[in-house]
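You will see two complexes here that share chain A, one where it goes with chain B and one where it goes with chain C.
Presenting the complex of A and B:
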């Protein structure tokens, strides 16, 4: 096989051996794929680059200087943003961190234990239960959010932190991912061996299965963190007190006020820039030891 | 070592482990859906002038709210708008995602890790912030696009009105969604064993032929999956038009069906009409997505039968 494959390869790749799919390290670059990907990267980075630069401009520079030329007003914009309504912006950031952080943590716990139960045990009603949980993915958030609001209103919980936190704990996709990871990562004979040693089922889950599932659970956490951080509809429906707003809703109200007063534009832009930072930083840090492929349920990379 | 008591504990364990998920499902999925269905079959009857405590009472409405929703021209127009929007978003987004995935998977490509991360980056940006960033890029006063058009003396279209508004909104969704779908398709591509390509290469197939004849059919299941989720997400578009609304008069409060539901529920206080509309949207989503899945499955079965 190896000797047959060589004539098809480039002469410069004479040192590359074996039938690996991409013969290691050839000199020539394929121009078309590289160029296409670079264009895609430019398209995706353009608005981000714009907001980075626009956030450095003072109010007057925003409308007078060339878009991609940095301004001198970043410190001023930050100070204005911090001063806006006694620093309500930082409240929004803190709220988002609370909703997304705590919400994703609880969601990961529920997904882990459910995925473990669905993967490791055979019991009556397993598939039916799994399918019902998964069907939740298909439910449009609005058919849920409006009655959720009404039901929580009867419990006196609307316009509270809990009203945004609670409905987002169960993530059907998280349960689905956790089940895949548990199936792949927790061997049946290891569970059986632990049982022989007299370990209880709870102990098997926390001491044996959980550490094995951990890399996959990082993905569930990230997925749910992003989903909650980016959610707009639910807090939009649940909350009216802007002290409890997450960052998405806060920026939206800021823009609504800013539409009539262009002086607020710089605040919106600087606020948008700062709102993008945490998640981008999270992904840049995490991708060093975590593969994007895990997001689609790939078990081996 | 297995005592009956032990086995009994294991028998109960999976059910106990699934209690939290089941409880949350009942409280925040099943109960709200049931409540919405119940509300959609009720209405408020106002007697007299509608004053006093007994003047407004909830009564059975049958399918009245549904017939009302189906003959509501605002809802119909919203649905048509979203259909037009979806016809742009879904093909363009999935086409780009497939293209980028194939390019990432091609040989001798450079800068793949960097470009992959860059194209994925918008996934981490909230829809509201994405709409806000693009919204500013569409505004003549601050946009670099208009700066360039102005410098070149070219005509400057209004991106936030009429037909271009659809493109402007579609662009936001495409920008935000391409990266995630690209990752899903790329993961599927990498799972294809190398031997599959070797034979084709020996037969002298070009990379384009390999992409069209082998790679795309091999990742068809993940294309179906991404299509399925894209359609569901598109039908429920809400935050992007809601965010652009302050920047233009062309986005009404009922631009998309979901915005109409919100408007009826909280703007007009007609929770019963809103519940009926939400139910119809959910039904349309389920019918569209399962109809598509069935069509795909039938074609698959025919092909394997052949």
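Presenting the complex of A and C:
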């Protein structure tokens, strides 16, 4: 989205293309790239459109009417969803918000402190530590779910909200991003100057480094929020009580009801549609911080 | 993992009977003490819809008297649940009771996750058909679960379209093939049915009807017979029909399939007793136009069917209150009020023979009001269910089926080659898991 803003800031952003050919401000649309991008957009948006339209269809309309023609059952679907097992869906929504919101917030805090420490201090084993972290980035979290379950079972924490929150607080990718960002955005001179003025390390972090890192941390928060919101395997293994399920798990139980009961397609589709809305809202709200980040980065370089 | 080599082989009767009775003996003696000493609370992993309402009946009735409270933790069904149970069992935290499909029982038992509840549940044996009960004993003297629901297979067809195209309901598979060809000639754009490779249970049930026994034991070794003569016959039959184009080769349970049933493009479905539920959502416009008949037979005059689906209630080895859990499991699957509630709220077809004709099953399903004797016929068919033979890696065989037969159906290629692949993959996996395999 923010890439659209680049042509507007022609003098600074145009340098990369300008060195090669320097086009004389031609506003001509290049057909091939545009077509490719359009195709990409259609490819990404079509399934979303399907979910939106399918959520308006009642059970009997779902498979019998034309795919992209809206149905008449949206209110009915909503009512059914809200009535399913005494409104357990809203609980799932709340759980997801808790896991993703609190989890991403805590994870961002941990990432900020670790990233700051790795970027500002020079200590023995720093690079080794960072390399271990990089290895952690490459390791899919799915592999860790079962060992984490066995560990938390030892601590007697399984089937609790904590069992889903705790493992997701440390995100190697978040720490990695925070370190990279801190290295680029917090100049060593500024830290040095703060020290000269007698600020303590904690004060330097909270008052000097943190505000400079903020746009990067927004990125970390968003990534982590989406990752937790969409996570399936970890909560699947950890939780057995469906009152504690996040939305991903809850919708899964709606689909897999055993061979003798048909899957509740209309409920799942409506539920999936509603589950995307918070993510869309979050992106719309946080987007301004994000584009600010990219632009300010571009100006500086 | 060296210990997998020593994993207990389930069905070797002598070894298990000795070991299990010893275990059960010490298990139950300590349980009696606990159960008598105060209230017991149990957790139950199940996917059946409405199970919490049925469990409420227990908690307010017999459970209150016995001071046994059961809590339902609703799960998603499928192979992943088996993995979840085994993971929990590894941490010693499996719930007291679990719902398990019949074909998953050997996997759970060979991982030592299920307790032998023969002492408390043995008396329930005569409430079930023999072929059903045998699935929960795995051919040993032990009892690892109590049957809950079953899925005897049947033939469903559009009665109105059969009449329109002058077709008769096939009683043998040869007639079935003739019917498919006749329809193709009369209406080239229609298909009798489809061969779908996305639910392995269907093919397993068809093979079971033909007399296949996929997993058996000889001595202390497993014997895999997935490409035995009976299954080969079934694979060749369906492969032939797909190849000559007499039936469709598109998968089931897709929007396209729903549409084909709803518009009468496909006019029959080989399915099981739970089909009315599926048809209600898949083909809402054709309500009252379908009829049910017994599955076609391989030999004229035979009466056999396979089963597709069905599950049981098992008690885990992690449970501290096995006797109490067994009491609940027996009540759930044999008590009249419990079974009626299960049928009403859970939509299941009970394994208990006495329940198959009472309560909710005195009237036909709403989708089949045109066939008043639906459930009487169903009970007769259920009685003819052929015995099944499951092994400890059904999930691997099933996945391999989907891959190999999915490709074969799509390319209209040789089904027996796909069957051989399935056999090879299953045997290799058994060996890799450390089981002894007889060639």
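Keep this in mind: the second predicted complex is superposed on the first by the 251 of 301 C-alpha atoms of A that agree within 3 Å, B and C clash if a C-alpha of one lies under 4 Å from a C-alpha of the other, contacts with A are read in each partner's own complex, and residues count from 1 in each chain.
The definition used in the following text is that a residue touches a chain if its C-beta (ideal position, glycine included) is under 8 Å from a C-beta of that chain, and two chains touch if they have at least 3 such contacts.
Computed from a predicted model, the values in this text were never measured in an experiment.
Engineer: Should the pairing of chain B and chain C on chain A count as a clash or a fit in the superposition?
Structural biologist: Superposition check on chain A flags a clash between chain B and chain C.
Engineer: Using the superposition on chain A described above, determine whether A:105 touches chain B (first), chain C (second), both, or neither.
Structural biologist: neither
Engineer: Should A:198 be classified as contacting the first partner (chain B), the second (chain C), both, or neither?
Structural biologist: first
Engineer: Touch test for A:252: chain B only (first), chain C only (second), both, or neither?
Structural biologist: Both partners.
Engineer: Contacts for A:140 in the overlay, against chain B (first) and chain C (second): which applies, first, second, both or neither?
Structural biologist: first
Engineer: One more residue to check, A:97. First (chain B), second (chain C), both or neither?
Structural biologist: neither
Engineer: For A:47 in the superposed arrangement: first (chain B), second (chain C), both or neither?
Structural biologist: Only chain B; A:47 stays clear of chain C.
Engineer: If you stack the two complexes on chain A, which partner ends up touching A:153: first (chain B), second (chain C), both, or neither?
Structural biologist: Second partner only, chain C.
Engineer: Just checking: does A:242 make contact with chain B only, chain C only, both, or neither of them? Give me first, second, both or neither.
Structural biologist: Only chain C; A:242 stays clear of chain B.
Engineer: Touch check for A:78: first (chain B), second (chain C), both, or neither?
Structural biologist: neither
Engineer: Looking at chain A, which partner touches more of its residues: chain C or chain B?
Structural biologist: In the superposed model, B touches more residues of chain A.
Engineer: Once the two complexes are overlaid on A, one stretch of chain C runs into chain B. Is it 130-138, 220-228, 346-354 or 400-408?
Structural biologist: 400-408
Engineer: Across the two complexes, what residues of chain A are contacted by chain B and by chain C?
Structural biologist: 62-63, 146, 150, 236-237, 249, 252, 255-256, 258-259, 262, 265
Engineer: Where on chain A is chain C touching in the complex?
Structural biologist: Checking each residue of chain A against chain C gives 59-60, 62-64, 85, 146, 149-150, 153-154, 158, 236-237, 240-242, 249, 252-253, 255-262, 265.
Engineer: For chain A, which residues count as touching chain B in their complex?
Structural biologist: Touch list, chain A to chain B: 1, 4-5, 8, 19-23, 26, 28-30, 32-34, 36-38, 40-41, 43-48, 50-51, 54, 62-63, 66-68, 109-111, 113-114, 116-118, 120-121, 123, 126, 129, 132-133, 136, 138-144, 146-148, 150-151, 166-167, 169-170, 175, 195-196, 198, 200-202, 205, 226, 229-230, 232-233, 236-237, 247-249, 251-252, 255-256, 258-259, 262, 265, 268-269, 272, 275-276, 279-280, 282-284, 287, 292-293, 295-296, 298.
Engineer: Note which residues of chain B are touching chain A in the complex, please.
Structural biologist: Touch list, chain B to chain A: 1-2, 6, 9-11, 13-15, 17-18, 20-22, 24-25, 27-29, 31-33, 35-36, 39, 96, 99-100, 102-104, 106-112, 114-130, 132-137, 141-144, 147, 175, 178-180, 183-184, 186-188, 190-191, 194, 197-198, 201-202, 222, 232, 235-236, 238-239, 242-243, 245-247, 258, 261-262, 265-266, 271, 274-275, 278-279, 281-282, 285-286, 289.
Engineer: How about chain C: which of its residues touch chain A in the complex?
Structural biologist: Residue positions touching the partner: 43, 45, 47-49, 52, 73-78, 80, 84, 87-88, 90-93, 95, 149, 151, 201, 255, 258-259, 262, 272-274, 277-278, 280-282, 284-285, 308-311, 346-349.
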